[in-house]
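For reference, the structure discussed in these notes is given below.
Labels run A, B and C following the written order; every chain starts at residue 1.
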Amino acid sequence: MPPPFDAPYIERALLAGVLLAVPFGLLGTWVVLRGLAFFAHGVGVATFPGVVVGLGLPALGPIAGSLAAAAGFTAAVSLFERDHRLRGGAVTGLVLAIALALGGLLLTSVFRVAAPVESALFGSLLAISGADVVRCAAVALVALVTLVLTGRSLAAATFDREWAGPAGLRPGRGDVLLLGLLALAVVTALPAVGSLLVSGLLVVPAATARLVTDRLAPMQALAVALCALETVLGLALARTLDIPPGSAVAALAGLGFGLVAAVAGLIRRARHASRIGAGA
Amino acid sequence: MRRALVEAVLAGALCGALGCFVLVRGLAFFGESISHTIVLGVALAFLAGLPVSLGAAALAAVTVLAVQAIGAGGRLSRDTAIGILLPSLFGAGVALIALSEGYRSRLEDVLFGSILGVTDADLILAAAVAAAVAGALLLAGKELALVAFDRSTARAMGYSVRLLDLLLLGLVALAAVVALRAVGNLLLTALLVGPPVTARMLCRRFWPMVALAAALGAGAGIAGLYATWYFDVGAGPAIALAVGCVAVAASLVAQGRRWERRRAATAGAGPQ
Amino acid sequence: MKRAAAGSPPAIVALDLSVAYEGRPALTGVTFSVPAGTLAGVLGPNGAGKTTLLRALLGVVSHTGSVEVNGSTSYVPQLSAVDRTFPVDALGVVLMGRYPRLGWLRAPRANDRRVAAELLDQMGLSDRARSPFASLSGGQRQRVLVARALAQEGEVMLLDEPLTGIDAASQEVVLRVLADHCADGHTVCMTTHDLAQAARVCDRLLILDGRLVAEGPTREVFRPEIIRAAYRAELLSLDGETALVHHGVHPAP
């Protein structure tokens, strides 16, 4: 393969990235449509102390650690956000902050593993193993099958939860499923993009797709495609410039959104102007 | 150490007080995102040889405006808008820092704060911001609270809700710039959310809650610094963790109280 | 007016129904029955428990006493509950009404799409079938939501304030469709706070105020003394227009 894709580790990274585009594009659509961006960011951040503990205790390992942390975060937020005095993300914010503080504290005092800080927070090309690629493939498959099967109920419940419940479409189950898949996808992507920027892949490509279309299925397909494109380009950029892959991918995704938003805005303005001119 | 103490008290009090407005307005995500997006400003300012605080403030303004702009179309929610800006701008900032020399230590400073290295210039900035915030709260505090609790009434009474929103967001951004030094942007949310959440559990009325939150924030700053001194842990995380523990403890107490009340209510209520 | 299906059991039966939210009573001791094929109107001031009654009938809120609905239900919640920015077109929304009968593995079939298209046509919205839901007017959206409920093919349809805040033309379309639905033997129960309109179109009225104030066929319930007791107001008719004139202050809910 041509540079910058000329080493086995970068091939693994690319494969992982493309595979992850499937769950991230599909889940990202629901994150955008259901207003789950804060939660998605929170799950990512919450895995940080889990990774630190997992790295410090080799018996546990970073994957188990991050899974436990993600599960704990999801449970804590689900339990406490029912209190109406604390709505608006206060619980998410607080748990997130505690998770970060804990991670930082453990890092600087108990475990002192300096090097992996950046790779834990922002990903590392070298950290993606063959086993990680297999995990990405598995998560992609699980997410695809599950979301295709439940897509209709999710759509109906997102559009009108009040109706979907009595209609027998089980919105509560859909919620749990979605949050669980989110945690799983985030944990799987950690070696590649890290805790702090993983939400970028979830939110930005899907949001970009939403700008372009008013239909659900095209939005999902476009989100997956954009995710794959931005991941591949981001990984290439990371390799070329020697910067953390998470930062490259997130910055590129943002750039993509900006470009599409600008073009969409120009088109809208042109249409508006021609309509005024024509209708005068 | 004395400078660090003053900085901690100021940062804690500022964030604690403003955090109450953030809490009531449901702006926790916004507060969290500001703390990340200003990193890009820090990186740009550093590259341009400008004061870091200037870059941070500029990016805070950009974030505020961009969130409004993205959400304006009606297709994307505010949550999504913030979810777009946070990773994009923060990612770009991290990328820029990674491209420059000596990046590892700078990244850690930015992420976790370096309160022990605070200078007189930092203190002056913090004091100025505290004065500005105090002034704003004295002059427009009632209006800001009204907009937080009851937007439609505020609008009906003729207040420019938009301007007041911008004022609040601007104040939050200023506090973020100050707290950047103290606890780093990662832990800014802890100071912005923890003391208000705790105060909310313990107070019924708004202004006592604000005062308590400011006190708690300052107290957490001091406690965290002492933890650093005695236990040799990072100052930033220690402060944030102190805040977190207090908040969790208060939540548990309040939750326990609520369970008591509910049990009493259902036990007392007979058949209709 | 409309024929009630002779000899068939009542569509809805409630016996001493009570609902409380966190210790505060919303409905107390409500007892009534609604015969099949009836268009029933549930009336009452704000906070009277109209939405709560619908929720109890749907079985989504815990209650004491008994409530029995004979047949499957379909529901039209208040218009405000819907996420208007969701990427779906009018036809897609009506098609959602077919989902409950589809199950996990089946996708909507041609028949389902045909049913949805026909229902949109009945609502006068064929030309907007492919328009995004977000681009429709309030009245058009309400028509689409009623079509969705019709697509569910339930025996009993429950609607929460279906006519509130929508244009007169859409109101007429919805009322016509609901009347036809009842003529086919289905039962419709809708909440409203427009007393005069309810008296005009409904076969049966239920007046709530935390408890059941009055219920029965419209001509029996829609009488000055009953209205006075329920609303603490007088019914005035002037040039064919009817209005409620309140005297005294109505206690807050």
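By our rule, a contact is a pair of C-beta atoms (placed from the backbone, for glycine too) under 8 Å apart; a residue touches a chain by one contact, two chains touch by 3 or more.
Since this is a predicted model, take the numbers as computed values, not measurements.
Colleague: Of all the chains, which has the CA centre nearest the overall CA centre?
Modeller: If we average C-alpha coordinates per chain, A lands closest to the whole-structure average.
Colleague: Looking at CA centres, what chain is most distant from chain B?
Modeller: Taking each chain's C-alpha mean as its centre, the farthest from chain B is C.
Colleague: Between chain A and chain C, what is the separation of their C-alpha centroids in Å?
Modeller: 41
Colleague: Between chain A and chain B, what is the gap in Å from one C-alpha centre to the other?
Modeller: Averaging C-alpha atoms per chain gives centres 24 Å apart.
Colleague: Using Cα averages as centroids, what's the distance between chain B and chain C in whole Å?
Modeller: Inter-chain centre distance comes to 46 Å.
Colleague: Send over the residues of chain B in touch with two or more other chains.
Modeller: Residues 75, 77.
Colleague: In chain C, what residues contact two or more other chains?
Modeller: If we look for residues of chain C contacting two or more partner chains, we find 134.
Colleague: Of all residues in chain A, which are in touch with two or more distinct other chains?
Modeller: 210
Colleague: Would you tell me which residues of chain A are touching chain C in their complex?
Modeller: Interface residues on the chain A side: 33, 149-150, 152-153, 155-156, 158-163, 165-169, 210, 213-216, 219.
Colleague: Touching chain B in the complex: which residues of chain A?
Modeller: Listed in rising order, the residues of chain A that touch chain B are 31-32, 35-38, 40-41, 80, 85-90, 92-94, 96-98, 100-105, 107-109, 117-118, 121-122, 196-197, 199-200, 202-204, 207, 210-211, 241-244, 246-251, 253-255, 257-258, 261.
Colleague: Tell me, which parts of chain B touch chain A in their complex?
Modeller: Touching chain A from chain B are residues 23-29, 31-32, 36, 70, 73, 75-77, 79-80, 82-92, 94-95, 98-99, 104, 107-108, 111-112, 186-187, 189-190, 192-194, 196-197, 200, 231-234, 236-238, 240-241, 243-244, 247-248, 251.
Colleague: Could you please specify the touching residues of chain C with respect to chain A in the complex?
Modeller: 58-60, 73-78, 81-83, 86-89, 92-93, 96-97, 99-100, 102, 104-105, 132-134, 145, 148, 152
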